[in-house]
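There are structures below to look over.
First chain A sits with chain B, and in the next complex the same chain sits with chain C.
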Partner chain A sequence: MIVMAFEYKRLNKTTKIILTLLLIAGCIVLTYMLDKGIIGTSYTVRIVRISVIYALIGVSMNLVNGFTGVFSLGQAGFMAIGAYTVGVLTIPLASRPNVYYLVPISEKIQDLVMPFGVALIIGGIFAAIFAALIGTPVLRLKSDYLAIATLGFSEIVRAIIANNQMWPITNGSLGLKSIPTFPSLFIPVIISTVGIAFMVLLIKSSYGRAFKAIREDEVAAEAMGINLFKHKGLSFIISAFFAGVGGGLLAAHLTAIDSNQFKIMVTYELLLIIVLGGLGSVTGTVISSFMICSGKELLRWFDLPHSIGTWKIPIFRPGLRMVIFSLLLMTVVLFWRRGLMGRKEFSWDGIYNFLRRWPWRVRRLIRGDYSKKQEEVTPNA
Partner chain B sequence: MDQVTLFQNLVTGVSLGSAYALIAIGYTMVYGILRLINFAHGDIFMMAGYFTIFAVSSFGMPWYITILFVTVVTVILGVTIEKVAYRPLRESPRMSIMISAIGVSYLLVNSATYLFTGLPRAFPQLGFLQKVYHIGDVSAPIVTFITPVVTIVILFVLLYLVNFTKIGMAMRAVSKDFEAARLMGIEINKIISITFVIGCSLAAISAILYFSPRPMVFPFSGFMPGLKCFVAAVLGGIGNIPGAVIGGFIIGLAETFLVGIFPQLTGYSDAFTFVLLIVMLLFRPTGLLGEKIAEKV
Partner chain C sequence: MHDNNGMKNNVLKMENTSMQFGGVLALNNLNLDVYEGEIVGLIGPNGAGKTTAFNVVTGVYPPTNGAVYLDREILVENYPQGKMKELYSGENKGKYTVAKVLTPDRITKLRVARTFQNIRLFKDLTVYENVLIAQHVKQKSNWLFASLMMNHKEEKAMREEAMRLLEILDLVDVKEKTASSLPYGQQRHIEIARALATDPKLLLLDEPAAGMNPQESDELMHFIGRIRKDFGLSILMIEHHMQVVMGICERIYVLDYGKLIAEGSPKEIQSNKKVIEAYLGVDD
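Take a look at the complex of A and B:
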């Protein structure tokens, strides 16, 4: 055969459904095995937990930044609100005097204990209310002013949490501890999955199309009759809600929190996740969240001292890991701007054709007729 | 508040404000030309603080050589950042270049933590700068009195540079319209580099003046001053050099007096700056001295 053009083939529907079901079943089995300790260690379970939590928060940030084109840097603040709400509401009564040992807990909340799920939703709602309050002034601003203003609000949240007047509630700079953790790995996995699924449905709805229109061109979107303020606000508030829920999950994951854990560096890390995954790709964010969270643990090797024989290599000391991480972010931003997935999503067709394309390329290489310009036939999606 | 405390606060506030003003000029000039918030500017300022420590503690330089050394090294750092991280993205969307700036800031903080450890380092005594000086009942280190003078002198030099020299004219042209300036034979890259040279040397001088009356430098110590100075630049009207100085003074004085009058609000002094920013953006988005810019489609 002389014609070697690559043909983009689609899998038939049944195959895709079977593959999807297999993937879901695989995830469930994997979670179960991790949870029961059949595979991996408690360390692996911790990494998986933090990855799914960051995936949820990452997707929530991508909803605003990647899909709506609003450059918001307030995620750490929303997370702090959610985390503190969950912390305050779920610490068992018995351990409260231990936690609030310097300033006693406020009388209004001292007997208030809620189940984890309720506290989580309340945390999300608080974050959403806060987003609604600041959204009114902030969303009127243009791109870079908005970034600075959201960043500022995130710092204000931190300042308020650590402030003297808030000691009876937030325990100030001492932070909260003895927050009950998850009884099983399934809880964070399921909550994250449900949250991400909700956001995917939102993105696929008419609201999602309006978000994307705003991202592409605000003026044109407005001319098409899209209410800019309403849609940006909606995206901002929903994003804050899930960031709050994610923060609550993080509180339960860590069991001890303090306001310094919600510094702007957290937002920068989330930014790294969504930029690496692709601004505007949900699956990209999920994949890169797992890559970054596990990568951060694996790279701990760089923080330890190493030696060749008796000679201690001077570059290995604490902090090298984060330098490598920031260099990674810079590399992605400068040379690989689309990230892993660009704006595409994971699809079986994509995987199938990706796998098929390699033998095709090799064959072309062997025949040696790659000098001829051969177009790859790609479907118009 | 009695008179002595009032004057004491005034002196501290003006001095802090002048240090902020110098950083804010760097923000405002870069923003005026590139339309980019240089998120890394505060961290360049922090690095300048570390360079000073090394110049004095490790190499034992005298104070005048230290100032020169720190300025040169900081300028090299800033211009390198511009060449590596901002120039390749000049044609790409605003968001990418802003993410790149955040990436640089992240990299600088992490590098500082790695190179100098996360522990605070003592800032060295620089010649006569820390000697305490008395005017009436008000006492402060000499550097507190020098800072405003330095700032005002630099302001006038810059105003001369921007308004009456060829380079200044080129800068103004580039900030108005990139393409038109290029067609007029202006070397855009050179002008942008010069802007970064000015901005970074001011950050270096500001770092010496700012850290001298303070005991410590740590990797995050550039973050808050950086954000505040951006707010200062916005308050004064971004792109406007005298505006940045006025904004810097407002933030410095407001912060000092807030803590002086309401000591219980100390924890909110950082937050207060952002409240100021929001209020300003809502009522006068172009800042005190800014020009109105029509939205381009």
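Take a look at the complex of A and C:
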């Protein structure tokens, strides 16, 4: 019996370009239809919005954790800085007395209103400056110690925001509200896409390769002339910038923020997204961001009471959603140990061969030579 | 002692270099020279301090006392400081008063490259990526330019150079293979290729023939001889395979317990009484 070897085939360039253009057009049409309410509800739009925002922040965290191999858990702190900057700078003058009703807003910033785009960039820059400040001591630490130090940093940011002396700026524990939201779904989608595209380009550049070298082996990377401190710092600061931008988007998405929304849980959620998607895969992060953000909403059905006839099923009560969610996560992690994508990225060749492989697998199963070693010719690239 | 080499350029000079860890003097007053175009061997029993000498030259740690010169210019210099002031038990205490320490990446930029005793390739990356990463040392444009692809000329040059290097070293066939998937001997070749990609003038090889069979180490000898010529290198190598050391090294230094016990041509070393004692022990 002849074992047919699976042959890895590549698509030609024109096909790939056409497919890519179709995909982009498809995304634009889909966004437009969601935005105009042709498909989905405002609830769907909210899920898509939060998914793209988490995708941006997730990729920024993956840049440090997955590509540079620096175990940093400070993302919530950088998000908080970005979110508060955008909040403080964009609340309309008319609603400010209502927001700062307990302690009036500081005179220095009371007339300061900026367009959303400018506020977003300033938020990102603030986060980047903070990253540079804490990066200097913290990046000299290794693995777990670095994780603890960055985790501590994000808690400090939260504590400072809620601090008494910060009331005239951050409104302390009352939080900020009346933050203007996006006029259209296109705004978060485009900003996230541009941010992620920039990070992808960075990863593909010589600097990105240096990041990967540090992840693989610090000693060898240094012996190859890569300045560890400089490159780790670069990755850390760029990551913080985009986390700040993502935090700003989150502020506009929620329209009301307070410091409790930036607890450690947020960082863990992001860690979940990047681990599930695959540490070191941008595509994986985007996919798992959509999966987790929508999954948490779709599973709400389990929180509602259900009954068979007149018998009320006892397990359906608020909280079951999270039990099921955790079970699903455990299953995924058991079967895909390195996350959904591992370190692979999206490619048309990959999808093409994935689809082609199915009939081949079925044929092999029917022929009964399943025990035979898989003879797949897969190039490493 | 080196009158015959007096005219040649002194690429590497270790002068009274000592390295002490706590109470252990791993390297005691080592004087070592590598002249342009030479292949110099550094041998000695296990734990003699050979790799420590490499780590001092490449900046992994600064020497406790002494100086290292590259092309007659000072590379690193140090003297016992802090706790070491009391602890230091080596020679030439007080001779050096300047502390100049460089990190490994700075030393690589000064065109000193090395390989490691236990292979340290970027395991999950391809052979091509491994060599390409080593080109990063020449990167001139900043990260913003590089990310926005405004340096495509430079990027293209880096890729072509990496490709050229793989061609010269006969590694084109395996270019897309993951580094860790290749046989051991080939991984050693790739590590040398990666070191060469940083454009060194001095190459330090830490046990390049370790774990190789006689045929592989024979190939390696030719390989080292070839790259010395093609790349205009001076080579300092640590090696246990006497066949390799005696075959290609022009001069040999022998270390024992951190101290230099002999130096000279392979012939001189083979008949040196101290060396034989260090390797085989003395009759009581």
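Things to note:
Methods note: the second predicted complex is superposed on the first by the 358 of 381 C-alpha atoms of A that agree within 3 Å, B and C clash if a C-alpha of one lies under 4 Å from a C-alpha of the other, contacts with A are read in each partner's own complex, and residues count from 1 in each chain.
Please note the rule applied: a residue touches a chain if its C-beta (ideal position, glycine included) is under 8 Å from a C-beta of that chain, and two chains touch if they have at least 3 such contacts.
Just so we're clear, the structure is a prediction, and the values are computed from it rather than from any experiment.
Judged by the touch definition given at the top, the superposed model places A:Gly225 against chain C, while chain B stays out of reach. By the touch criterion stated above, A:Arg343 is placed in contact with chain C alone, chain B being left untouched. Of the two partner chains placed by superposition, A:Lys177 touches none, neither chain B nor chain C. In the superposition on chain A, contact is made by A:Leu201 with chain C only, not with chain B. Contacts of A:Glu155 after superposition on the shared chain: chain B is touched, whereas chain C is not. Once the two complexes are overlaid on the shared chain, A:Leu320 sits against chain B while remaining clear of chain C.
Look at A:Arg209: by the touch rule set out above, it reaches chain C but stays clear of chain B.
Using the contact criterion defined above for the overlaid structures, shared-chain residue A:Lys16 touches neither chain B nor chain C, since it reaches no partner.
Of the two partner chains placed by the overlay, only chain B lies in contact with A:Pro137; chain C stays clear of it.
Across the superposed pair, chain B and chain C both touch chain A at residues 219.
Interface of chain C with chain A (complex): residues 58, 60, 103-106, 108-109, 113-114, 116, 120-126, 129, 132-137, 139, 143, 146-149, 155, 158, 176-178, 181, 194, 198.
By the touch criterion stated above, chain B contacts chain A in their complex at residues 35-37, 84-85, 88-89, 92, 94-96, 98-100, 102-107, 109-111, 113-115, 117-118, 220, 223, 227, 230-231, 234, 264, 267-268, 270-271, 273-275, 277-278, 281-282, 285, 295, 297. Of all residues in chain A, those touching chain C in their complex are 198, 201-202, 205-207, 209-210, 212-213, 216-217, 219-228, 234, 238, 343, 379-381. Remark: chain A residues 65, 69, 71, 137-138, 140-141, 143-145, 147-149, 151-153, 155-156, 159-160, 162-164, 219, 263-265, 268, 271-272, 275, 279, 317-320, 322-323, 325-327, 329-330, 333-334, 337 touch chain B in the complex.
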